[in-house]
Amino acid sequence: MIETQDLRKEFRDGRTTKVAVDGLTLAIPPGRVTGLLGLNGAGKTTTIKILATLLRPTSGTVRVDELDPLRDPKAVRHRINLIAGGERMVYARMTGRENLWYFGQLYDVPRAVLGPRIDELLALVGLTGAAGTVVERYSRGMAQRLSIARGLINDPAYLLLDEPTLGLDAPIARDLRRVVARLAAEGKGVLLTSHYLAEVEELCGHVYVIGDGRHLTEGSPAELTARTGGHRTVRVTVPGASPEVEAAVTAFAARAGTVAGLDRAGDGALVVSVSHPGEIAGPLTMAIVGAGGTLAGLEVTEPSLEDAILALNDAAWLVTA
Amino acid sequence: MTDRCLACSLTPEAEPVEHRRAQAGGGLRHTAKVFRAEALKQHRRVFGSRLVVFSMLVWPLMQLAATYYTVRPLAATPGIAGRWPLAADPERLLAFLATGALGFTFFFSLVQSAWHFSFERVTGTLELLFLSPAGRLAIVVGNGFGALVQNVWLFACFMVALFTALDVVHVAHPAMYAVVFLALLVPAVAWGAFLNSLLIFSRDSAFLYTLLDDPMWFAAGVRLPLFALPVWIRVFGSVLPLTGSLAVVRGALLDGRTIGELAPTLLGLGALTVLLTLGAVAALRLGEANAQRTGRLRLF
Amino acid sequence: MLSPPLSPHVIRATFWRTWTVTRRAYPWSYFVGTLMLGVFTVGLAHLGLAAIGGGRVAGDFVTATGSADYLGYVTVGAAAFMFVTHGVLWAGKALIQEQREGTLGALLVAPAGRLPYLLGFAAFAFTAIVLEVSVLLGCAYALGVRPAASGPGDAALAILVLGVAVFGMSLVLSAVMITAGEAHITQNSVFLAIALLSGFTFPRRYLPGVLQWLGELVPTTAAMDVLRGVFTTGAGPAPGRTAVALAVGLLYVVVGLLWLPRAERHAMERSY
């Protein structure tokens, strides 16, 4: 388990002090993908770098399996690795296999383990065929996949993923998500930051939301969406709707404490959309039918994490503004 | 990308072998691994193109020829045997300048490799080195050693052939060849480690690079005997390990000095090597600590 | 609207841009670094002359150069070498620098000709180099060096001849660098080769015959002979050598101008 307690990181630049992380308390248990979402340049990367021993916190503590990175950095570094998306941090003059071998030596991976592991990682990221090619000749995506393999070379107990799918092609990003889910299922602790909220929703068992370096909220994606007043959107198509139907919908929405959206589709059909936290699809259709309308389509959209984060973001802006 | 077969060796057991090994120690073996890894990295960097033979052999030879022709009109003057006996014989003068070129190639190749190392800060790989548990000193020493061996072997072989052809080498004892070899290699590696440590945290590595090119050959007596230099330049030159290395190489090979006669120079060279290594350790500690505090991989 | 082939504002804009960028990016390290080779070469000659030569120089040197002033000879050579290397470096590296920074594409798309761009760069290089060489000559003057000169007109002619040689070489080198996608090895090889072949710090007569002939293939060799006539012996520029220097230099300019567009196309194709 990686645990932090009241983590704080200040950067001094001349006279000004910028607080990048402010009192964060996190837990990244093994066997789960933990999400870290941020608003307003929130200090996600700073947090990840602190966990990766690249930055030293100004105050607060970090424990990696009870180890203190400040006291025992080597042991901690053996247990973790970091993959930052969008950057190709590998050596251009070496081949894919040589890059992995090189980092394997830095991590002191035993020889008998390293060979098979390199083969496996190359297969994992689909670079088996390009293993002997120098990275200079790789495409951007290939180099990025190699850097993902590099991040797994020491078989880390904890994997820190900073925007890992940034800039990857969609199919490769999908495969990477599968791999991440699989790694967590096999017992690794994973910390994931991503701009793609669908990715976080799909993978993470628990999500921390931070803003301006401060903890805003946390929970499972489902909890977060529920707690931030996630609204279901009900959309009903009513062909040839009369003014009575429109009046009935408007009145219904007013009673439910919301506003109904009324649009005309291309064929003249009325498209009604109502957002509400509760189960309103039934009562809404009853109201429409009661006013003499007929239903041609009904669609209910569940609230997404994205909606929740956007709502949180708006709230955060209100607070700071 | 496929996720097949992930379980076979990626997670063979609850705690991977290397974690336990790290805890059990094994520092030397790990250091040896880092050395080998850095050697491969340097090999790929240096031999990325076949044109490398220019910088390894052709450049130093052209430079040596130009220097010889420039200095020759001064040596072929009346009374040279009194001012500088060695220069009275054109072949020995060439050998003197050739030893200078060889020593300079040793030490300057490390300036170059350090300069290249400083680019790892820009490409982001330096951060990966600090992410790893590998010993930092092992990395910078291994990097310097790898660069040195691969940059100088060709020119060194050529120089051995040249000295044999000129028939100017007269050593006091065959073991002096070993002394010469070590007097070049060991301080050079320490010099490389020091420069690597300094340059990876330096804001303006280009400046240090320039500073260590021309002033180094000038002050270390690469192209002139030390007695020709004013005292203040000799003082500056004495902090450069190249100066001591060249004194040993020339003393042993060209003047037939014994180890006893060279002992003071060797001691000074040893002290300088220790200082450079300590300097490297300090620069690495300060640099990494500073990077952890500021998030910037810079020392000054 | 297309610019005329030699549009002054392209020259001016290129000059200004390079000057500003250089001043911002390399404040002192650039200046100090580029000055050092010249200063140390003159310093080596000064110290060597006193300690090794005992203030005298070998007879074959006087025969070969027509002058017993060793220090003056080396100073003129060092200053000329500085002029040549920095000129080639500045103008020749202009395009490969653009290529590296990714602005080559933008530059090629702009409707300005190649020549004004390069002339703008050359103008910048010339200004910078005049400053650098003056400092070097100032140092040499302090050491007691007093080069001969056969007259201001001759001096201007000698510098012009060397300038043509430099411009021609930088065009050809630029094409080589862009084609090879490499600057470091090319430039150092060329600099070290001309240092040996063109006789900057020693008379070319010392070289084996083959190398003396090889030297005639680079424009700086004949240009150095012109320079020697003006600044070392004071006899004035030899008309034959001046003609050879200009002919070889202009040949390089023509070859460079014909080759550059091809090299650029080649570079653009290779990068994608």
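Letters A, B and C mark the chains in the order given here, with residues in each chain numbered from 1 onward.
Basically, a residue touches a chain if its C-beta (ideal position, glycine included) is under 8 Å from a C-beta of that chain, and two chains touch if they have at least 3 such contacts.
Remember, it's a predicted structure, so these values are computed and weren't measured experimentally.
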- Message: Please identify the chain lying most centrally, where each chain is represented by the average of its Cα atoms.
- Response: B
- Task: Average the CA atoms of each chain to get its centre, and name the chain whose centre is farthest from that of chain C.
- Result: A
- Find the geometric centre of each of chain B and chain C from their Cα atoms only, then give the gap between the two centres in Å, rounded to an integer. 31
- chain A and chain B have mean C-alpha positions lying a whole-number Å distance apart equal to 47
- Report, in whole Å, the distance between the mean C-alpha point of chain A and the mean C-alpha point of chain C. 57
- Touching chain B in the complex: which residues of chain A? 11-12, 46, 49, 52-56, 73-75, 77-79, 81-82, 87, 89-91, 93-94, 98, 101-103, 105-110, 113, 116-117, 120-121, 123-126, 134, 145, 150, 152, 154-155, 157, 172, 175-176, 178-179, 182-183, 186-188
- Note on the structure: Listed in rising order, the residues of chain B that touch chain C in the complex are 49, 51-52, 54-55, 58-59, 62-63, 65-66, 69-80, 83-84, 87, 204, 206-207, 210-211, 213-215, 217-218, 223-225, 227-230
- Can you list the chain C residues touching chain B in their complex? 26, 29, 32-33, 36-37, 39-40, 43-45, 47-54, 56-61, 70, 74, 182, 185, 188-189, 192-193, 195-196, 201-202, 206-207
- Note on the structure: chain A partner, complex, touching residues on chain B are 1-12, 14-19, 21-23, 26, 29-30, 33-34, 36-37, 40-41, 44-45, 48, 123-125, 127-134, 139, 289, 291-295
